[in-house]
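Working notes, beginning with the structure itself.
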Amino acid sequence: GSDDDDGASDDTSTDDTAAASTDATEETEAADSDAPKLAIVYSAEWFDGSWGEAAYDGATALEASGAVSEISLSENVTPGAEAERAMRALAEDGFNPIIAHSFDFGEDVKAVAADFPDTIFLYAGGFGDVTDNQGDYDQPFYEASYLQGILAAGATDGGAVAGAAGFEIPACYAMYEAFLAGAREIRPDTEGSFIAVGDWYDVQLAKEGALGQANDGATMFVGCGQAPTFGQIEAANDEGGVSTGYVGDMAELGDSVLSSFEWNLDLVFGQAVDDVAAGSNEAQYYGVGLGDGGLEVLIHAGEEGDISDEALALFETRLAEIQNGEFEVPFIPEA
Amino acid sequence: MTEGPARGDVVVEMTGIHRRFGSTVALDGVDLTLRKGEIHAVLGANGAGKTTLMRILAGLDSPDQGEVAVDGHHVDQFDPGAARRSGIALVQQHFTLVPTLSASENLLLARPLGRLRPSSRRLRRHLDELVDRFGLAVRDDVPVSALSVGEQQRLELLRALDANAEILVLDEPTAVLTDAEADQLLAVCRRLADDGHAIAIITHRLGEVFAGCDRVTVLRAGLPIIEDAHVSDLSRGDVATAMVGSESAGVLVAREHVPHETPDAARPVRLHVADAVAGRLSGVSLDVREGEIVGIAGVDGNGQSDLEALLSGRIPPESGRVEIDGQPLEALHPRARRAEGVAYIPSDRYRHALVRPMEISDNLELGRVPAIRQPRSTREAAAAERLIEWDVRSAGPAARAASLSGGNAQKLVLARELDGVPGVVVACYPTRGLDPNAAETIVERLLIRSAEGAAVLWIGAELDELFAVSDRILVLANGGVSGTFQPPFDRAAIGLAMTDSELTRPAAS
Amino acid sequence: MSVLGPADTDSADDADGTSGATPVPSDPASSTTSASTAEQLLAASDGVARRAMARDLLAAIVVPVVGLVVALLVGGVLIALIGEQPLSVYADVFNGVFFEPRGLSDTATAATPLLLIALGYAFAYRARVFTIGAEGQYVVAAAASVGVLTAGGMQSLPGPLLIIIGIAVAAVAGALWSGICGVLNVRFGASVVISSLMLVYIGQAVLQWSTRVGIRDPESFVALSRPVGNAELPIVPILDVHLGFVIAALLVPLMTWVLSRHRFGFRIRALGYNPEAVEANEVPAGRMIIAVLLVAGALAGLAGFIEIAGVNGRLNDAASVGYGFTAIIVALVGRLHPVGVFIAALLIAGLDIGFEVAARSSELPTSMAGLVQVLVVIFVVAGDAILERRRTVT
Amino acid sequence: MDNVLTLDTLTAALRLAIPVAVAALGALIAERSGVLNLGLEGMMLSGAFAAYSTAEATGSPWLGLVGGTVVGASVGLLLAAFVVVGRANQIVTGISFTLLAGFATALLFQQEYSIGGIPPRIDRIDLPALVALTIAGFAGVTWFLRRTTAGLALTAAGEAPEAVDALGYRVGVTRTAATAVSGAFAGLGGAMLVCGPLGLFIENVTAGRGWVALAIVVFAGWRPSLVMIGAFLFGLADAVQLRLQGTDTAIPYEVFIALPYIVTLIALVVRARASHTPAALGVPFVRGAV
């Protein structure tokens, strides 16, 4: 197998066995360590303080805990042909499970999964798209968003909800609707608007969109995706009102950030790793919601005093109800 | 005039200039001396090395060997800026104006009056002063691209004069001018020389040499044949022989009216123009019959370019008709026109007839490329035959058309356009820029085609040439036909028909 | 005509590979001869052709190799600066292409859309019609062809027929999208560069709407079309690449032939050098501009269908991944010659594949991998220019 | 609808327009001299990153603008070294520079700031100051092109370089300087985005504004005044489309996203006949070539 001569090279290189057959690789590696090897591919870069970083943190947490023996993290992997190539190579190198951390990878995951029936493949579909060894994982952000809506309405005297995303995709739209529903628990007549910026990276455009919503009376801002969220936060910083962090603690982005939520992907990925460790090749819809600690809503220090007691109380109530299953946050994926 | 060298003093001394381009020896030990107060004519057949010599003097090129001294100072760095500073101004064979700028802006560019631009009023005043001083009229209200060729040539000259250049180098300045304009230009040169300028002028017209120049240098294939001789010591025959070699000298000096069978008025009309209005043309009518050559004379800028555009199908008539054998011309696509037997020799061969970066063999096929082309070798063999037949001097069919000299490029166009027997020939200044020998060949070819039945419309600048070839001459003035003449042509009457329009020509408007 | 930024004139060498730089002020090969017979002239001409060919060969081989080496040296320094081992990274890149089991077939697959689009660009740029809008044509054509193929009842047709329909629909849709620029240019004088770029953005909006609403799979939760099913391109045995690569590769000799032996190719070249002469002698230049844009658009559209049918089988809203822009580089690095474009497409795709592998197997950041790849392009192009300079100095 | 065309919309349009307008002035200068600067987007991005790091390190957004300008100019100079001095193909080299800047800023940003956290914010410059700066830039460019001899020579170098050369001007020097100034403007445009309305940097923060700027220059027919108007119209189209989305409508939102581009396309068609492309745009100058 290892016919190349870069023996002097660094130790992290794992592809010395690249030319070896798949089976051989898997066996050799399995003999080295019982724990599975986890791979994640992602379409942007890891350190975005948000969605990408959550996956990075989840994977490194699993490695630190010893649940996986090795991790491979590939960023900037374009959906389509490139993603397929990356996942095939990872599968051949014995990585299992392999996680494609964007909903755009759905078709790529399916294409590759069919060829590697013993490897579990997941992607961030967020709607229970599971067949055989190909799975999906939940993104119950709307649950957190609902609670954040309650807090936001409790910290403002009135005004509308502003929602934004790069494009109008279900996970994002559902966040907005849940936020609005949460806010309406405090002020039933609350109105809202949702815009698609047309780009996941254009902060200025996102911010101008949010400023437009602010001019229109919005005081509570919720974004989905990095730049749209940054834009919403910036607009709230400038125009007043409260904003909401997306995945990750965004308190540092300004005083307007009332709450954020963290996504503990080690719990999600951990389930798939457990399946693999147990010898299963049946993927599932891995969901770890708010109730199970998959999401945590962070209320940012200094703001708590501004939130009405009524809202704080309702927040606690709904949190508990969601956790014990008494309350289900409405999921509205489309306008 | 200021203190300085006196009339007759040497201001430029070029000695033993050699310049090779690859295997071509452009200049092979040429001397040139220019003196204050003198007009020095430089002659030679196409490709003799005249332009190269002048480009070296103007710092646009550098010699492989040889010395250049200006005002007694040895030139060691060949650089256009340095040459200008030492008082040399070159009017190049091809225009070097900036087409989008106005005339006065072009002048400013050539002679900046400081970091900031003066007001446009001041610029215009400056232009007007120059125009008055030298009697060279140029408009300033349009970009240079909208000026006629003659006006552009005058502007080039004004620009050179504006630089207070003591040494003026003019490369074929009269090639694009009509006889009258050329005369005027020579008169200006004379005046400048009398004022103390040293002038070198390249020309193909022998008449000009004997009418207005003091000295002459003749080059042939990079070699000096006549060096620094007084014009008065030479005859036309001497100069012609020096230019082209003895065997063809006779043809050059005595081009006479070729006896041409007057066509029967009953012959069919091939080209029919009726009340055509387009651009400057305000209702032109003319017919060209089979076997007939109709000459169009006139001062440049009176509608010739619009007539050309109209007859080549580039623009449709705004009103009136242009018909080939009864079919409206503008309805025919280029290839269909060719299929109708129309040949077109444009005034600007590089724009409308040739694709310079493509091979010569490709250029011979332009306009008649078959859907699926012959293999390369077949095409080249056919092209080689044609090149020999038409005496196009080239490195072969695989060489690019860009490598041809102006005259040979023109012969290439003719080889393509006059191949076979065209029904209608629209020939615009077909001999422009050709040496007399080449011009003669081309005149002959056109006469042969005409004798074979082609209807030829010939837009020309040189009256002698038009007299020699035409069955009829129409004079174009101010966008209309100001007179129709039959042989024997009455030079005075034609001149009048043309000068009539002098009063209304664009420069005066 | 409103064409912008003419390509390096030298990259528009004749299809037969005989002519050199244009315009060259001093071309030793072009000296006038005084041959007196056609045979002598032809012999001289052969000399011209031979010398030009030798020169072109030098340009075609030495320049890219030197450029590559210099770029890798500079890139190596940068890689070392961020604390990685350049040699091991490059070894990974090389192994990734040549020794990974699917390195070569992945390279061919990745080269396919680039090749198709760049062939179209090569035609357009030779004609000096500077479209940069293939990305828009690609996505619009992908949406159109997938829309037709997944429409009711279509899937009952046999696979080969479906593939032919897909190709036809995509080519027509791409051609039309591109043809808009042609019409706007010829009728109104609008710059092709800019109108084609605007149509990329508009095309991307069309893609978003198509996958979200227009041709969406009603079963799908996310923006995704139905699968093209039987229209999926088969894998060609031996080569282990989908059929699209073979189609693209077959276009290379076809387009070489068109350029050198067909009237259309002649007109394209002539148009690029002198549209006025074409207009006066061959065909209205406007018509040619539109024709060229239609061809370029058809090829970009074809790439759209082939990529979907060859790789994923479905269209999603992330299908715009920038092949239309990378292909500009492919076309120009390939010096606008179909064979050159073929090699350039494989080179650029190979670098992509290799660096992907390197980025996976070392800590090399992807942005560094991208940086080194772009350096390769810049130095190859700069090398070309240096060669050009040497030629023009007498 | 009444919320769509308000003073707020107009100021939003200004904020969106300013970085594009300033970069477009840079593109105009290069193109007038005959250099097609397709590296503009990259220069904007480099300028944006340089401005961010300078402002972050010094605490002054004004120094950020200086940093962005200087870095933009340096990238411009580097591009000129390739395309003017080296006569490399302007299209490939320009696009490559843009790609290069994207990768380089991503790499630097990652290494400097964003690992494990959210990058720090910088102070911002207010809109009136940005507007004033933009107008100053516009006035400077107009004055230079219309009132100075060097401006005349620059334009002439883009129209008839051989003529300018024959008059003793240095076409190469003129174009190199123009490309560097072009980079300076682009860098300043990127800097004004980051130090102005945003106060932060993220990867690819310019998000295609350089390409839009190039389109606007063509739309403007290479005239500075129309560049300003074109940039404002583009900003307005974006500001309006974002607000239209908020209104109740059955029109798919993709139409709104495409709106600025559709508007540009229409404007291009309407304006096309009036514009004149610099004749030598994109053509390297070689003395003595045809």
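So that you can tell them apart, the chains are marked A, B, C and D in the order they are listed, and the count of residues begins at 1 in each.
The working rule: contacts are C-beta pairs under 8 Å (C-beta built on N, C-alpha and C of every residue); 3 or more make two chains touch, one makes a residue touch a chain.
All figures in this text were calculated on a predicted structure; none of them were measured in a lab.
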Pair with more cross-chain C-beta pairs in contact, given B-C and B-D: B-C
Centre-to-centre distance between chain D and chain B (centres being mean Cα positions), rounded to whole Å: 45
Distance between the centres, which are taken as Cα means, of chain D and chain A, whole angstrom: 35
Residues of chain D engaged with two or more neighbouring chains: 106, 110, 257, 287-288, 290
Chain B residues counted as touching two or more neighbouring chains: 356, 402
Residues of chain C engaged with two or more neighbouring chains: 9, 23-24, 26, 205, 208, 212, 365, 367, 370
Chains touching one another, given as label pairs in label order: A-C, A-D, B-C, B-D, C-D
Parts of chain C lying in touch with chain A, wherever the complex brings them together: 84-85, 87-88, 91-92, 95-96, 99-102, 106, 109-110, 205, 208, 212, 221-224, 307, 311-314, 316-319, 321, 352-353, 356-357, 359-363, 365-367, 370
Interface residues, chain A side, partner chain D - complex: 45, 47-49, 53, 168, 193, 195-199, 201-205, 207-209, 211-213, 215-216, 226-227, 230, 234, 248, 250, 252-254
Contact set on chain C toward chain B in their complex: 9, 12, 14, 16, 18-19, 22-24, 26-39, 41-49, 52, 260-263, 266-267, 269-270, 273-274, 276-284, 394
In the complex with chain A, residue positions of chain D that touch it: 3, 6, 8-9, 12, 15-16, 19, 106, 110, 114-119, 121, 193, 197-200, 202-205, 207-208, 238-239, 242-243, 245-246, 253, 257
Interfacial residue positions of chain D with respect to chain B in the complex: 146-153, 155-156, 159-160, 162-169, 276, 279, 287-288, 290
